[in-house]
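Structures for review follow.
Both complexes below contain subunit A, partnered by subunit B and then by subunit C.
Up next is the complex of A and B:
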């Protein structure tokens, strides 16, 4: 094993894994607060990729600048999905925590609708954003870093830090954490629980909007990309611990490095199979994940 | 439970429970359709309805009664299809025998997977089933040759034509396929009905209601869930073999992809989980939508039927959590009660 090739794979894996972690943040936040497994997570990412693409191709907006469109749009969509589609279910099962299976089925319905609407509207063709400028590749020792992936990974770390800080310090963050701990007690203390839920869902989707814009410059965009990223996000979140924000980034990087090294030294197929196998193993042996608390 | 009274033998005619009589009459009428109408598109659509009703019933046999959501059942369908086709092309074995081997292999595989995973609850179980099925699909899709067996990866397998032959499970007309899948559906529904009233059925329902309470009563959930899982996997694999013979072509995407698993689950949930007739009802509601989208719109709008599936699923989860069979059952009961109370 050539140490240079290995270190190249590891560095690449860390960068890509950071992006996986950033993409999975919303899934983890929503599960941590609402106990809803959002099956439509990948579909929301797919939508924000398309928004970034159409901003670039129709309005000539640089993908990085399309953040000003994707983030508010995805926040609004998330807020809408939670307050219109999921909240009747939560209201119906007020006494209990939402039965996770019916919430999963509901979001599976959202996934089917969004993915196939995109297929109908945009067709199965793969699209790509072509930037008309070159970003210089910074060097780490003798290893060149992909600038776009570097931006994505750094953004993931920053967003995770910012989100943790915001949840700990801000008024809304406290309300969210209180609701996550005990919905009824939070409601008794005067917290508007449906509003907190809708905002949390909106924030989870807004983070996806951000990463949609950040990965649009180097990601081939097609309606089926949602499923691929959705499954990867589940792996990352389970590995890091469902509901844990730092766990998400760590889990993402573990998966990223694992996949990069395995596809470099064995095959890309075994990397994909291996990460799914790792996912099953973690669920069976340590369901709370690396960073999660039981 | 509202759904109970639909299947319960409340009244009887000439010693036979009315439900069984109605079901026999219904299937008898369906069996006459190919004799009366000779429209290949209609027969094809009916075969697809019956096929999905069969697959959903096989899914329901386990998941509907034990209350766990598996989105990995397409894996068993794939095992069934691949084993029967490979045994036919490689060993010259009749698919009728090959499909039994496929079913047994799927059942063995399901027990191996089910033993560790049934401890997981709710969404964790669901995600694990997806992961297992995806592992198998990715592996087949990227394997051309496995210890001398030509799996042919993503390209898929073609069943070589062998003329009109019962032995080779190949017919030039669609009608024999229609009767085969009709019989398979009747058998799986009979099996479900028998299981519902057996010790196995009561154990499964106890586990669905409250696993901890069931264990406290001395029910060990493992043997009953694994038995039901093995039977469910066996039946799903037979369906996969039927699919392979009917289309004479299988590939990993269509025969073991996530979409097939979702179809099976969504049809059962929309029709009514944990009931004998629910999966059939779900297939009756949903399959015509997809056949129409394919046939009349000329495939111009790929994915249209899945948009409708998604909308119907969301409406069902929100407004009919017990499936479409619950309001239908209420309607039937109201009608029969009114007739019964008249002097």
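Up next is the complex of A and C:
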């Protein structure tokens, strides 16, 4: 195929894949540490998109600046959801299992409640942020790079690196990794496990808050926008490797590039089927994901 | 005389109760229940709510004018079911409206993918259904007795789009040769695409891209790249609001030049909420196949129609659209049929609807000249118009009879670098 079209497709795939990876970071963290499959992941993204939208439409705040509102707000929401809704379940099941599968149903319930509350409160209309300034597109050779998606993808890489570094170096980060390794041993070592869980959930949602603000400039917002991203995030997290933060970004880009290149030859629907097929193939060969630890 | 035993009293009471219930859909207070299955949530929610507003406005108007006179002033009571833009939910909602709410007739459901199975349920339950919005041809090609459609079939939509291309080519001598198609991958999009292919072959247009898009996408870069590679003269688009918004915006950001313009067959581009989410630049010169005469309000003085427009605006917060007009039209068609049937019995109502022949009045708010259903239940007098977005307004350019004298189509459309504000 035409090399220009191919390279354009790869570039599109990398940018979009980076964004998928960034959105999936929170899910990876939450699943890696709490072993809770957070079905409400997409709903939280939808909420942060709405917060960014309302900051723009009511306060006149540029979506990139609305980060100062969305990140703390989503952290607080995540902290609340974990400590009030999920933690009683984990505490009750602690004696029986390491991985609370029923928390999966609980988060599915949270997803239904949030999506429908949003529909009731905000209405079904699709909304869009319209920037009144114009960002020039940087050129990579003869390929224009969409500036807003570029910012999103770069942010994903930086946040992933920053998060990995923080998890390795800081005290809280070590506590989180210890709890992820073995909850009871961590408790025996004096780590306040419920607090660690709540902070982890909060950080996962705060990262979603950041990415909500970053994609708000180009994404139409409606109560159902969370579902599409939620599903992709699951695929990215498992493909990249559970518990691996950089793996998230890599997994996202693999999916993004594959779909972009494939959809130049077949329809986008078939390309999506293809990327899921690739996902199954990689898991058969390497079940822990691309960068996961066995 | 001995007092009647308790058993006898109970028997008498239950007979009266059953007798009352068996009176059917006409309630004791004299209301006629009409069920509307519409997408009030999900991807097509904005449209569903517009149709709902139009139906409510019309029903209120009919009731205020004295209700259904042939039924002693019985009021219309519209009951809504939310299909969530999904086929399976649409089917269960239809069953609920028919069996639990005991509606006299049904209307809906905009999404072709929902209307197609849901009307089958109505046919099984022998309940008349007035199709609103859905264009899939097969809906009125199944020899069904209870399904009636006031609006266009997909065949008409596709034919009108190509008629407009032919008309502009004839007027200016400039004809596009290659056409790309991007459409949503379910019943509506595919229906439209196969019709376009058929007409395009007859009229000498080359289809250079035939791309079905999955719903609720988060990015159109891949498809836009494909369109860029195919270099079409014109692009025909069939997408619902959220996808169309994203597509139009990305097309503008990427400054993709299509010399003979983007031709949207409706969906997103007929939804007022769509225009609020985009700068004017993104929609300039776009051609839209409208399901009603978009500049009708600028060309009519009819008080009933204006009243419906005002009331819809009150309910929604923004003005009339094709979908609100369709909702209102359906109510007026049903009211007209009820007047002629003089009964709320579903069979008699069905026969009355089949004999409809409306030549004037608010049922024609959509801009048609006449409403008359053929043996398959299709209103053969339905037609849309093709509009172009000129100076911030959508003006009818096809058919020429509906074109206002001061409207001048722009053909071919200017490149992005030549447009102001770029």
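A few points about this structure:
Assume the second predicted complex is superposed on the first by the 281 of 294 C-alpha atoms of A that agree within 3 Å, B and C clash if a C-alpha of one lies under 4 Å from a C-alpha of the other, contacts with A are read in each partner's own complex, and residues count from 1 in each chain.
Definition applied: contacts are C-beta pairs under 8 Å (C-beta built on N, C-alpha and C of every residue); 3 or more make two chains touch, one makes a residue touch a chain.
In this text, all values refer to a predicted model and were calculated from it rather than measured experimentally.
When both complexes are superposed on subunit A, subunit B and subunit C occupy overlapping space and clash.
Of the two partner chains placed by superposition, only subunit B is touched by A:277; subunit C is not.
Looking at the shared chain after the overlay, A:108 reaches subunit B, while subunit C stays out of its contact range. When the two complexes are overlaid on their common chain A, residue A:269 makes contact with subunit B and with subunit C alike. In the superposed model, A:126 makes contact with subunit C only, not with subunit B. Contacts of A:79 after superposition: neither subunit B nor subunit C is touched.
Within the superposed three-chain model, A:144 lies in touch with subunit C and out of touch with subunit B [touch as defined at top].
By the document's definition of touching, both partners, subunit B and subunit C, reach A:227.
Applying the stated contact rule after C-alpha superposition, one finds that A:201 touches neither subunit B nor subunit C.
Of the two partner chains placed around the shared chain by superposition, neither subunit B nor subunit C is touched by A:53. Two complexes overlaid on chain A leave one subunit C stretch from 115-123, 259-267 or 295-303 clashing with subunit B, and it is 115-123. Overlap of the subunit B and subunit C interfaces on subunit A comprises residues 119, 124, 223, 227, 267, 269, 272.
On the side of subunit A, the complex with subunit B involves touching residues 37, 85, 88-89, 99-102, 104-106, 108-113, 115-117, 119-120, 124, 223, 227, 231, 234-235, 238, 267, 269, 272-273, 276-277, 279-280, 283-284, 287.
On subunit C, the positions that touch subunit A within their shared complex are 40-43, 45-46, 48-49, 185, 211-214, 216-219, 221-223, 225-226, 228-229, 241-242, 245-246, 249-250, 253-254, 273-274, 276-279. Within the complex formed with subunit C, the subunit A residues making contact are 2, 5, 8-9, 12, 15-16, 119, 123-128, 130, 137, 144, 146, 218-220, 222-225, 227-229, 232, 259-260, 263-264, 267-269, 271-272. Contact residues of subunit B toward subunit A in the complex are 69, 116-117, 119-120, 122-124, 126-128, 130-132, 134-135, 138-139, 142, 258, 262, 266, 269, 301-304, 306-307, 309-311, 313-314, 317-318, 321.
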